[in-house]
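Shared between the two complexes below is subunit A, which pairs with subunit B and subunit C, respectively.
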Partner chain A sequence: MARYAVEVKNLNRTFTTKAVRGKSKKEIVKALNDVNLTINEGELFGLLGPNGAGKTTLIKILCTLLLPSSGEARVLGHDVHKDTNAIRQKINMVSGGETSGYGLLTVRENIWLFSQLYGIPSKEANRRIDMLMKELKLEHKKNSKVRTLSTGLRQKANMVRGFMTDPALIFLDEPTLGLDVNASRLIRDFIKNWIREKPSRTVLLTTHYMVEADELCDRVAIINDGRVLACDTPDNLKKLIHQDSVLKLEIRQVDNVTAFENIAGVRNFTHSNDMASGITRLKFILDDEAIVADIVAAVPKSGSKILSVQKTEPTLEDVFVALVGRGLTNHEV
Partner chain B sequence: MAVNRKSRSMGISQKSLKSMRRSIPRYPTGNYHPNKENVESRHRNARTLKWSAWLGWQMESNWADPFLFMVYSVAKPIAASLILVVMYSIIAAIGGGPDIGLFHYMFVSNAFFMYVGQVLFGVAQIVHDDREHFQTMKYIYISPSNYFSYMIGRSVSKMVITTFAVIITMAFGVFLLNVPLNIFTINWLLFMAVMVIGIFCIMAFGLALAGLSFLTAKHQGGMNEGIAGLFYLFCGVVFPVSILPSWGMSFAKILPITYWLELVRRTLNLGVGMDSTLSGASTAYCMAILCLSTLIFSIVALAIFKVGDTVARQKGLIDMTTAY
Partner chain C sequence: MKFEEFKKPTWFQMNLRAVWGRAYPRIIGVNRELSWVFFETVLPLLGVAAFVYIYKALEAPPQYIGYVIIGGAMTAYWMNVLWSMAAQMYWEKEIGNLELYLIAPISRMSVLGGMALGGMFSSSVRAISTIVVGIVIFGISLSLPDPLMFAGIFIFTMIALYGMGMMFASLYMLWGREAWHMSSLFTEPIYLVSGFYFPVKGFTTMLGNPGTWIAAGASIIPITLGLDGMRQCLYPGNTDGFLPLWLELAILMVLSVVFLFLAKYSLAYMENLGKREGRLTMRWQ
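Moving on, here comes the complex of A and B:
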């Protein structure tokens, strides 16, 4: 029988927003809505969803920062409500896009401090810090004050802090957010290598970068508005829309895309404008390829001109669009 | 076995050897201790205490080069003493003449009140700083170390720095303001006991405020200063408690800080007899009330901290960043 690193049953979390006199009323927001999920031990599991989907709320509950409103969540066999101490000994977390750390301390001092909160013996802590700093190419900055580091270097230091405790389960909340291509790649490669080293290690990664989820994850759950819409391997998720055609069009920039919204047979449609090059990019998920002619015919009606046409294989983003009804950065249709 | 043979040769019984082993927190190495989890936990908390105290010291001192920090550390308490001299001069002018006993009362009370201001305010400020400014609180919170150990460690550094400031102030008073402190007449044993209990009490108040700080952001500074101000007004710092209206005196009598400051004055033989409210009470009585009220306030503080912690976790405030 497979052992679950994470087991979530009917999990709900609501937040009550404060009323602002004359401006807004008190509101109850459902951040997680009846979530059911299992993550196997040794799995690199991805949570994919837009901002506000509930990814971070779920991670906060699992790493004992937040209590659920109702439902059950177990981490490495321990209840998040009752067995916080047992969970905390085995987990760690790294959040992206933040500037955490004591700026007056050096990188090494910061990481050392956290190693001591986990009771790691000095010799072992030093060995792990050196090894991780080398792997994440942070060695040259070990004696620099944290306040002098760039965003990318701070995130690498944050990664060393999280992995230095050798957790059985690590929560990575958008670890590559705001990083350049090289730093992102280094971190992705590091995560892949880390989980390969020991079969018992588990990673729960949240991201809204589709490529990252596709490249790294054994399984992916797509989450939106607090609900898990689908959960499977990236390949199986893509098969969900394999029968559908994905058509990409580049046309001369138009402001009004209503001509494309109501074409019969289009399951989903997203668009984005590239102001610099004056191009509008359209993406259609079609029930039937016969509709391509209707789409092409709609281009001159919108007052534009076709620059390129491409039929592609479905990606995780297409799955996301098909399930959610919008892309992560596009307008809802 | 070698250790046992050696201990026998040194005349140590097996029972006391076991007891010594139990008292030493250490990282588990094999089958040494039957309760591995407890040992690990003790070891972790000991390290947390040590390194959070180190962190506190770095935060307090690392912002400037050592010389500048030293100048600041000396100048600050001296400046505070001079403010006190001005305050006393005004009181003396209004009151129709100098009262040297009142000056000694004010001087020693204010010097030791620095512990209340620095430690109490500082402990509560840790939550705000770690959560909002350094954004490290969530990582500390999800670590297996006891958050209590961390807070106590952080406050130790504040206590050490305040002790230095108190010594500077007292020295300044003795050498430049003719405060008649005679270190040979002090009951050092009683003084140390009073200081330990008093600082324990202040730290307990600080932890209670830290518990409340989990739930607040914008109001946290005002809350800390308000509580410290309350103690300043009611505990016999700038004027004797007997000046207060009857309800104020009653309130002062339930606050442990009132008894702590009175005992400090008595052990140092400075400003004694200025406060008619407690002048009839024996030192043993004051000590007993200090111990009792400290115990009660510590239990209440612990409860407030726990409730604040739980409510913050329920409401999702542990990693709140408001940018206030």
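Moving on, here comes the complex of A and C:
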């Protein structure tokens, strides 16, 4: 019987922000809006969405830190309302930018402290910490105070903290947030190896880096404004938009791109200006290839000139743009 | 990478480890922040020095100098309860520790208990240093004919006081900076009404009946009767005590139970409220 590591049914979560006297009215935010999801045991599952999409809210509910407003959520077969302790024994969580611990203690002591909340005998805890530190290339810092660590090393220490308890399911909330290429790579490789080692291990990872979701995840749910818009393998998601239907255009810089809006047959359109080289980059997701001509014809209307035309294979970013209606960041095209 | 299996600890062992884990930074901290200990020993002494000289000038009975030194030593615990218990939770939340404590499979009381034990230890180092320095500088003498009673009073003062600290800690969990203001607000008045600088019976002597009511009201704060009891133990045979020793011990025992119960109850209540309102964590991202 296939067991679900996570099972979420019609999950809603609203927040009421208190009115600040004289400033704003009481505001209701729907952070999760009728979310339905299942994550299989052994899966590396990604939640991909922009800021405020509801990713962290979902993780908090599954970690037993937050109650749903309505709906059901089960983690490793246990209800998040009732069986909190059973869940807590089997999970752990690491967030990007996490600053936990005590400044007075060394990295190793801090992680040891958290191991004691899981009843791990000190000797075994320290053995695990040393092993993980070695694997994450943090060994040389084990006796440094946490406050002396750079962002990257800090995040590695957080990873050691989370994985040391050998959880059956780990929640990674933007684990590579703000890290450089090398540190991100190391952490991604670590996650991949970890899940491969034991078929019963499950990871739920949130990210707003497309490449990360594409590269790491078995399945990805695209989430925006509290709603799951699509959920499938990265390859299947890309098939949602037909191949060859992404058109990239470089034109001489223009400030006004209205000429390209509202062209029939364009599902989505994004643009960015490269001031340094005086180029405007345009990207279109097309419903129909025949309209390439219409787009090309629109260039002179905008008062510009074509520098290059390129048709590409869709990326996860394109899928995202097609579904959400905008890119994750303003700059990526 | 292979982790070794270990025998699954019982619920009790697990929570004991958690208590020890949480107490550790506070215990080790004493060692790593020796300069602090120095300041926190000397500063309370500066505070009491003024009273010592006033008592000397007024030719107060000699035990009064001992009283005020004991009071000065006990400020370490009161400060610790206000700043490192009550106001601590806000900080733990901000730094991101609270959520990690809350997702762990342990009783939340163990975390607070560890905080309390660690705090008692580090404050004791300060309190004892204050007494020792007081003995050396002001030449006070103490006697301890009934060490058992003294131990009883001290231990239950600690349990009740830190029980109160744990209760505040949970109540402050969802408050933000208000916790800080409350703690500052509580510092000085309690020094006065709990009798840090003079025995609370002094209220009766000075104000008559209403004074007795002040002392009785202040007794809700465990340090009031604790101080009074310890003074009675260390300077037996005087009539400066507020209530009979046995009664003070009994009240402290009751306060211990009450505060621990209230702490557990308010902790569960606040955690639940926090989970419903989404106020257990600072960072939304």
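Keep this in mind: the second predicted complex is superposed on the first by the 319 of 333 C-alpha atoms of A that agree within 3 Å, B and C clash if a C-alpha of one lies under 4 Å from a C-alpha of the other, contacts with A are read in each partner's own complex, and residues count from 1 in each chain.
In the analysis below, a residue touches a chain if its C-beta (ideal position, glycine included) is under 8 Å from a C-beta of that chain, and two chains touch if they have at least 3 such contacts.
All figures in this text were calculated on a predicted structure; none of them were measured in a lab.
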When subunit B and subunit C are modelled together on subunit A, clash or fit
clash
Who does A:197 touch here: subunit B (first), subunit C (second), both, or neither?
second
Check whether A:283 is in contact with subunit B, with subunit C, with both or with neither, and answer first, second, both or neither.
neither
Of the partners subunit B and subunit C, which touch A:135 in the superposed model: first, second, both, neither?
second
Of the two partner chains, subunit B (first) and subunit C (second), which one does A:188 touch, if any: first, second, both, or neither?
neither
Considering only the touch criterion stated at the top, classify A:67 as touching first (subunit B), second (subunit C), both, or neither.
both
Between subunit B and subunit C, pick out the one touching the greater number of residues of subunit A.
C
Overlap of the subunit B and subunit C footprints on subunit A, listed as residue numbers
15, 60, 63-67, 85, 88-89, 91-93, 95, 98-102, 104-105, 109, 112-114, 116-119, 121, 161
Along subunit C, where are the residues that touch subunit A in the complex?
1, 3-4, 6, 8-9, 13-14, 17-18, 20-22, 24-25, 28-29, 32-33, 95-97, 99-106, 111, 275-278, 280-281, 283-285
What residues of subunit A sit close enough to touch subunit B in their complex?
15, 57, 60, 63-67, 85, 88-89, 91-93, 95, 98-105, 109, 112-114, 116-119, 121, 161
Using the touch rule from the top, collect the residues of subunit A that touch subunit C in their complex.
13, 15-16, 51, 56, 60, 63-67, 85, 88-89, 91-93, 95, 97-102, 104-105, 109, 112-121, 124, 127-128, 131-132, 135, 161, 166, 174, 194, 197
Complex interface listing, subunit B residues touching subunit A
27, 40, 43-44, 47-48, 50-52, 54-55, 58-59, 62-63, 134-136, 138-145, 150, 313-314, 316, 318-319
